[in-house]
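Each chain carries a letter (A, B, C and D) given by its place in the written order, and its residues are counted from 1.
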Amino acid sequence: MKMWDGRFTKASDKIMEAINNSLAVDKRLIEEDITGSIAWAGALLQCGVLTAAEHGAIVDGLKRILDEHFKGLLRFIDFDEDIHMAVERLLIEKIGDAGAKLHTGRSRNDQVVTDVRLYVKKICGHINQLILDFQRVLLNRAQTDITVILPGYTHLQQAQLVLLSHYWLSLLFALEREKQRFIHAAQAADMLPLGSGSLAGAGFLVDRGYLAKELGFALVSPNSIDAVASRDFIIETLSSCASISILLSRYAEDMIIWSSKEFSFIELDDAWSTGSSMMPQKKNPDSLELIRGKAGRCIGNLAGFAATLKGVGLVYYKDLQEDKEPLFDSLDQIELICTVFTQVVATLSVRAESMRRDLDPFMLATDVADYLVTKNMPFRQAHKVVGKIVGYCIEKSCSLQTMSLSQLKEFSELFDNDIAVVLQWDTAILHRDVEGGTGGSSVLHQIALAKTLLNQ
Amino acid sequence: MKMWDGRFTKASDKIMEAINNSLAVDKRLIEEDITGSIAWAGALLQCGVLTAAEHGAIVDGLKRILDEHFKGLLRFIDFDEDIHMAVERLLIEKIGDAGAKLHTGRSRNDQVVTDVRLYVKKICGHINQLILDFQRVLLNRAQTDITVILPGYTHLQQAQLVLLSHYWLSLLFALEREKQRFIHAAQAADMLPLGSGSLAGAGFLVDRGYLAKELGFALVSPNSIDAVASRDFIIETLSSCASISILLSRYAEDMIIWSSKEFSFIELDDAWSTGSSMMPQKKNPDSLELIRGKAGRCIGNLAGFAATLKGVGLVYYKDLQEDKEPLFDSLDQIELICTVFTQVVATLSVRAESMRRDLDPFMLATDVADYLVTKNMPFRQAHKVVGKIVGYCIEKSCSLQTMSLSQLKEFSELFDNDIAVVLQWDTAILHRDVEGGTGGSSVLHQIALAKTLLNQ
Amino acid sequence: MKMWDGRFTKASDKIMEAINNSLAVDKRLIEEDITGSIAWAGALLQCGVLTAAEHGAIVDGLKRILDEHFKGLLRFIDFDEDIHMAVERLLIEKIGDAGAKLHTGRSRNDQVVTDVRLYVKKICGHINQLILDFQRVLLNRAQTDITVILPGYTHLQQAQLVLLSHYWLSLLFALEREKQRFIHAAQAADMLPLGSGSLAGAGFLVDRGYLAKELGFALVSPNSIDAVASRDFIIETLSSCASISILLSRYAEDMIIWSSKEFSFIELDDAWSTGSSMMPQKKNPDSLELIRGKAGRCIGNLAGFAATLKGVGLVYYKDLQEDKEPLFDSLDQIELICTVFTQVVATLSVRAESMRRDLDPFMLATDVADYLVTKNMPFRQAHKVVGKIVGYCIEKSCSLQTMSLSQLKEFSELFDNDIAVVLQWDTAILHRDVEGGTGGSSVLHQIALAKTLLNQ
Amino acid sequence: MKMWDGRFTKASDKIMEAINNSLAVDKRLIEEDITGSIAWAGALLQCGVLTAAEHGAIVDGLKRILDEHFKGLLRFIDFDEDIHMAVERLLIEKIGDAGAKLHTGRSRNDQVVTDVRLYVKKICGHINQLILDFQRVLLNRAQTDITVILPGYTHLQQAQLVLLSHYWLSLLFALEREKQRFIHAAQAADMLPLGSGSLAGAGFLVDRGYLAKELGFALVSPNSIDAVASRDFIIETLSSCASISILLSRYAEDMIIWSSKEFSFIELDDAWSTGSSMMPQKKNPDSLELIRGKAGRCIGNLAGFAATLKGVGLVYYKDLQEDKEPLFDSLDQIELICTVFTQVVATLSVRAESMRRDLDPFMLATDVADYLVTKNMPFRQAHKVVGKIVGYCIEKSCSLQTMSLSQLKEFSELFDNDIAVVLQWDTAILHRDVEGGTGGSSVLHQIALAKTLLNQ
C-alpha cells in the first residue's frame, strides 16, 4: 500500500520499488524537509486549511521527528519510498488526522525541489567557508615563504624565477573566483518553488511571500511550471564543483611532481602520506593523488546529470530523481578535498635549498633579451640573438651566467658591463615589479590585497 | 624557420607543425589580437620601449592589417603557426624593425588568453541579446495565446490544466536565469592578463591599469601565474552554453511531441521544417530535433575540455591550446539554436482546438480532492477517496465530469451540489491564482513582471 | 598503526584516512580477494615460500573468513583501510604468523586489479544472462503480437506501417550487439595481473600459469608494468554499460510516448507504474522514465573515470582507486534496468485498436511513388508528383486513400485501376518482404533467426 | 527548391538551411556514398527497376563524379544539403532521367548509415596500421635500450628498478589491446543497412546479400528499424578512440616529466619540440602535451554524442545527424596522435646516465624484505623490519646500500653476508625473472612474444 495508490488495483513489483525508492539517497534532506513542512503548515494555517490546533500539532510532531532524527532514534520502513513520504507517515503515526492534512495543496514535485534548493544553499555556504580556510593557509604560507625562490615552469621546463609566495598567491586568487561560483550557485538555488503544486500552482491561496521569508529564500518562483521542472541550479552547482576540482587537480599535479625525489621541492607531512603494502621505503603523496583523481568524478557527475536532463520534457518526469546522487556526491567530494588540501599545504615542508639547487641559468635568457631591448635592439631580433647564445652554451656546455662580456659581444656589440647585474638571480625577481608580477613589492602588494579579500 | 627557433638546430617535422598549428582555429581572434596589440603598443610607448614614431608605425600597420582582414585581402602562409605570429609577421613585412619591437615584454601565454577573454565577453553579450529576442517572442506569444487552454503533463500523462501562456512564460523566466549565467561568464572573463609575460610578469613596468582601460577590462589580474594558467572562465562559459542547450532541448522535446499527429498541438511553419528524400508526405520538425541534439554537443565540449584541463600543472602547457575549439563551437551552437528556436516559436501555429479536444476529465481529480479538503476531510484521505472514484470511472468507462452527485456521495457524504462548479474546466484554471500559478490573474501578473524584466 | 608504516614517525590524520579508505567501496570484492589469496598461497607453496602446513593454515583461515562473510558474521574495524588489508588482518588474527607470510611477493597493486578483473568477468556474465532473459521476452512478444500493425515513425511523424513484432525484434537484435560488448569487456578483463608485484614483477618465481588456471584467467599478463597500470578494461566495461543504457533509454522514450493518453498504444501494468502524491488519477510510467534517466548516470560514470584516468602517469598512482565506484555503480544500474525493462515489456498491454485507429493515409505515399516507379516514372519525379497529391489532400482535407482514379490522373496519367490495391493498408506491409523488412514473411524469418540466436 | 519539397508551400528559412545543412561535414563520405550508389544501382538492375542502359549510365556518371572529386574539380552549390543530395544532383545533371531513378527504394536514412559504416571500417583499419607502426618502433627501442636501467615509479616515488625495455614493452602490449578495440569497432560497423528504406524495408525486392558482397559487409542487417536507428557502432568507435587517447595521455605524462631538467631521462628531437615566443632558451615537449590534451577532446566527443543519442526515440530523428562531427574528429585525432607519438619515440634520445645517476637505494627495500622472507621471516614482519631500517637511514642520512652487516643485524639477526649481493642494483633486476617481470630473460621472452604479435 502506497499513499498514492487509490486508483491502483495491484501493488508495485518489489524490483519496481527498488528502482523507484529514493529514501537511501534523499534521507539526508530530512532537516530541509521538516523545515519546509513547518513553513507549509504555517501557510495552510493562514489560508484556513488548518486550525490553530492542527497547526500546533503538526509543528510539534515535526519537531519531535527532527529531534528523534538528531538522537538517532528514527526508523524508516520498507513502505517509505522517499523522505517526504517517510516524514508524513511518521507524522500521521504521531498525531493522527491532522498529519494527514499537511500535504494539502502541495505535491512532492514542489516539495522535493524546495528541499534540494535549501540544501544547496546550505552546503555552498559551507564549502565557501572551507575555501576561506584554505585561502588563509595560503596567505600564511605566502607570508612565511616570502624569501624562497622557485623555478617557475612552463611545459615543465624551467622558464623564469618566481617567489614561492607568488605561487601560493596564484592559488589564493584563483580560489576567490571559485568562491564566487558557489555564491552564484547558491543564488541560482535561492528561489522558492513551494506553492507550485504538481505543476499548475497550489489549489489554495497560500502566501508564498510568507513561505519564502520563513525559509530564507530571496525570491518566489514566478511560474509554477518552471519551478517544478527546472534543475539548472543543479547543473550550475555541479559545474562549480567540477571547476574547483579541476583547479585543485592542477595544483595537486604540481605538488606530486615536487614531491618526487628528483624535484624534492616539498615534503608532505607523514599524516598526509601513505606507505606501501609491499615496499617498506615508500612514502607516497596519496592525498594529492586522490585530490587529482576526484576531479574526474566531479566532471562525471556533471556530464552524467547533464545527459540525464537533456531532452527531458516538461513538467516533471521521474528522470529528474537522478539529480540527487551526483549532486550530493560532488558536494561531499568538494568538502573533502578542500579540507584535505588545506591541511596538506599547511603541514608540508618546503625545501628551499632544493628549489635553488638546480636553477637553470637559461631562465635569465628573457632578461638578457630584455637587456638588449633596452639597448634599442628590436625584441624579435634580441630573441634570436639570445637563442644563438643559448645554442652556443649548450654546445659548449657552459653556463649563461658565466659567459664573459667578450664572448657575449660576439653575439651582439650591444652587450656591455651592465649585463653582469642582469645575470644575477635576484635581479630577475626584482625586474618583475609590474602589477601582478613576481617582484618583491608586487608580491607584498598581492599579500595586502589578499588580506583585504579575506578580511584579515 | 620559426620566430622562436634561435636555439634549435633542426626544423620542426611537418606533422609536428600540423598538430601544433592552431591558425585554422584561432584566426577568428584577429580583431581581438590586433586590438590587444594596439593597446600593448601604447603601454610600450608609455614606458619608453617604443618611440612615438615607432608606436605610430605599429598602430598604423595593425590597423591596415585589420582593414585588409575586413576586406578579405589577408593571406596567411604555412609559416604562420597561430594568429599572433601571423599578425606579427604581417606587421614586420609592412613596417620593418618597429614591428619587431611589438612583442617586447609580452608572451603568447598572456597574449592568447587576453584575446580569448575579449572574445568571450563579446559573444556572451551577443548571446544575451539573442536570448532577449527570444524572450520577446515568448512574451508576445504569452499575450496572444492567453485564452488557450493546454493540458499540463507530468510523466507525459495529462495532469492539470494550464494556460498555454503559462507554458510560454515558464520558458521566458527560465531563460532569464540563463542570461544571468552568461553575465557571470562574461564577468569571469573580465580580467586583464596582458602584462603577465610568460608567467612571472612583464620585464618592463607597463601600466596594466592603462591596458585594462583601453581594452575595457574591469579588473587587472592580480597574479601573473594565475593570469597565464587559469582557464576557469572557459569552463564557466562552456557550462553556461551547456545549461541553456539543455533547457532548450527540454522544450524542443515537448514541441516535437506536440507536432506529432497524435497530439497536433502545434504545427511548425514550412520554413522551419524539412521533408523526406523518400516519403513525399513527410513534414518533419527537424529544427527542433537539431536543437535537442545540439545539447549533447555542448555537454561534450564541456566534459571534454574539463577532462583536458584536469591535472594539467602550472603554469602553462600546450594542452591548454585545446581550449578554443570546444569554446568556439559551443558559442556558435548557442547562437544558432537561440536564433532558430526564436523563429520556430514566432512562426508556429497553435492548434487550440486539438489541445482542448482530448482533455482528460481526470485532470480535475486534484480539484475534487481539494474540494473535499475544504469540507474538512484530511488531504491524504481525500486523495484516497478520489483515487477510488477514478478507479470506478475507469472500470465503468465513465467520465469524472458526468458523475452524478448521488454516485459521488457513495464515495463520500461530503459531496454536495457545489461540486458541479469544480467539475468545469475553467474553474480549475481560476482555482490556481496563487502567485506563480496558472490562474488568469496570476498569468497577467507574470506578463507584467516579464515586461519589466525585458524593459518593455 | 598501519601495515605499511614502518618508516613513518607519525600517524595518518583522521581526514586523510577518510579520503584514503576504500573499504566501504571495495568490500564487495571479498569473494574475489579471498579466491585470489587462496591461489596465491598455492603459488607460494610451489616456490617454497610456504610450507605445506602454513599453506594449509592459510587456505583454511581464508575459507573460514569467507564462510563468516556469507553468514554475515564478519566485522571490519577502523584500522582496515581496504578489503585486502582487512582480510590479511583477519587471517593473522585467526592463524598467526603463517598469515603474515601471505603477502610475500605480492603488492596491493597487482592484488586489487586481480580482484576487479575477476569481478568484471563475473558480472558481465550475469548481465548477459539478464539480456538473454530480456530477448526471450521480446521474442515471445514478437510471436504474440504478430498481427498488430503499428504506425512506424520518423521524427515522430507517422512514416510507414510496420508490424509491432518488427519493432520488438529490432530491440532483440540490438541487444545481441550489446551482449557482444559485454563479452568483449569480459575478454578484456580476462588477463591475470597477479605476480606482477608492485610494478616490476614478483620477487619470487611464482608460476603465473598456475595462478591463471586456478583463477580461470585466459591469459597471463605479459608485462608487469602494464598489468599494474592498465585500466582500459574498466573503460571498456563502462562503455559497454553506457552503450546498453543508451539503447534502452531510446526504447523507453518511445514507450513513454506510447503510454500517453494521446497515443494510448500500450498500458503498463500497475506493478510497474506509480501514482502521484497529489493527483489521485495519475498512473505514471516511472519505470521507463528511470530507465531513461539512468543512461545519463552511466554516461557520467564513463566520462568521469575517463577524465580521472587521463594523464595519470605510470605505473600506479592513487587516482586509480577512483575506478571502483563508477564501475560498480554502472554494473549495478545495468543489472537493475535490464531486469525492470524485461518485466515492463513482459507485462504491458498492447492497444492494437489505438495503433490502428489513427493511421495516417499519407503513410502510403511512398508506396504510391513506388507504384509510379513501376510504371517507369523516375523516382525523383514520382516523389514530386506524390508530394503534389499530398499537398492537394491537405488543402482539400481529403484522404489519400479515397482519391478517385480520375483525381489521381490529374497528377499523372500513369495511374491506373491497379492503384486501388496499393492504397490498402495490408498491401503496404506485404510490400516490404525484402530481407530485414517489415513484411510478414520477413518478420517470420527474423523470428526464426532470433530463435537460433537465443538457442530456442 | 529541395528534392523533397513537393508538399511544401514555402521555402526553408536561410538559417534553417544553415542548421540543417550537413554538407560541410559529410562531404568527406563522397567515396563511400558513390561506392554505395554503384552497388545500389546494381541491385536495382537485378530487380528490374533499372534497364541495363540506365544502369550503365548511372555507374558511368557516378564514376565520373568520383573522378572529378579526385581531381579537385567538383563544385558544390548552396542547394546541396548533404553529400547524398549533392551526388544525386550532379548525377542528374550529367545523365538526366536515369539519374532520377537512382534513389528508388532507398532513403537517406539507410544511405547515410551505410556510408558511415563503410567509413568507420576503413579508418579503423588505417588506425590499426598506424598502431602497428608505433608498436614496431617500440619493439625496436626495446631491443636497443635493453641495457638501460630505469627507476620504476609508483606515486612518482622511485619504487623498484626496471629495464627501460620493459617500459617500452608495457606500451607495446597495451596498444595490442587498443588494436583489438578498433577491430571490434570495425566489426560492429560491419553490417549492411542499405535496403532498409526509411524504416520499414525497401519497397522493392532488392538482393541485400548481393549489396553486402559488393560493399564488403560481413552481415546483412536483420531488421530495418534497427538498421536505420542504431548508432551503437559509433559509440563503440568513439569509445575506442577515447580509450587509446587516454592510454597515450598517460605515457605522454611520463615522458613530459622525463623531459624536465630535474629528470633529464630523455630529450626530444628538435623536430618534435617547439620554442617560446618570449623565452629564447625554451625547448618544450609540445608534441607530448598536445597528445595528452587531445585525450580530453576524445572523451568529450564520446560523452557528447552519448548525451545526444540518449533518449532519442525510434526510428530516426534529426538528432542523429550530430553523429558525424564527433566521429570524424575523434578518428582524425587518433590518426594524428598515433603518428606523432610514433615519431617522438623513434627520435628521442635516452639519457641512460641520468636514469642511473639518482637511483634511490631504498628501491632495494623490497628485495631486502624478500631476503628476510627467504630466511623464513614472515613477510609482514620483514616489511616492518625494513621499514625501520629505512627510517634509520633517513634519520642518519645514510644509504641502505652502505649499511654494514652489523648495523643491519641490529634490526634482525637473520641478516648475513649474503645480503651484500641483494644490495647491488643488478641483482634487483635479475631477481625479477618471473613471467612478465623486468628480469632480463623475462624481457627477452617479452620481445620474442612481441615479435610474434607483430609478425616480425
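The rule is short, and it goes like this: a residue touches a chain if its C-beta (ideal position, glycine included) is under 8 Å from a C-beta of that chain, and two chains touch if they have at least 3 such contacts.
Please read all numbers here as calculations on a predicted model, not as lab measurements.
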Out of curiosity, which chains are bumping into both chain B and chain D? A, C
Between C-D and A-D, the pair with more C-beta contacts: C-D
Note: chain D sits from chain C at a C-alpha centroid distance in Å of 23
When centres are defined as mean Cα positions, the distance from chain A to chain D in whole Å is 33
What are the residue numbers in chain A that touch two or more other chains? 3-9, 103, 109, 153-156, 159-160, 197-198, 256-257, 275-284, 286, 289, 292, 295-296, 299, 302-303, 306-312, 317-318, 366, 383-384, 386-387, 390
Would you mind writing out the residues of chain B in touch with chain D in their complex? 2-13, 15-16, 18-20, 84-85, 103, 106-109, 197-198, 256, 269-284, 286-287, 289-290, 292-310, 312, 317-322, 325-326, 336-337, 339-340, 343
Interface with chain C, chain D side, in the complex: residues 3-9, 49, 88, 92, 97-105, 109, 152-156, 159-162, 166-167, 169-171, 173-174, 177-178, 180-181, 184, 188, 195-206, 208-209, 220-227, 229-230, 232, 235-236, 239, 242-243, 246-247, 249-254, 257, 292, 295-296, 299, 302-303, 306-307, 309-318, 366-367, 370, 373, 378-381, 383-388, 390-391, 394, 428, 431-439, 442, 446, 449
In their complex, what parts of chain A are in touch with chain D? 153-160, 256-257, 259-263, 275-286, 289, 303, 306-308, 310-312, 358, 360, 362-363, 365-366, 368-369, 383-384, 386-387, 389-390, 400
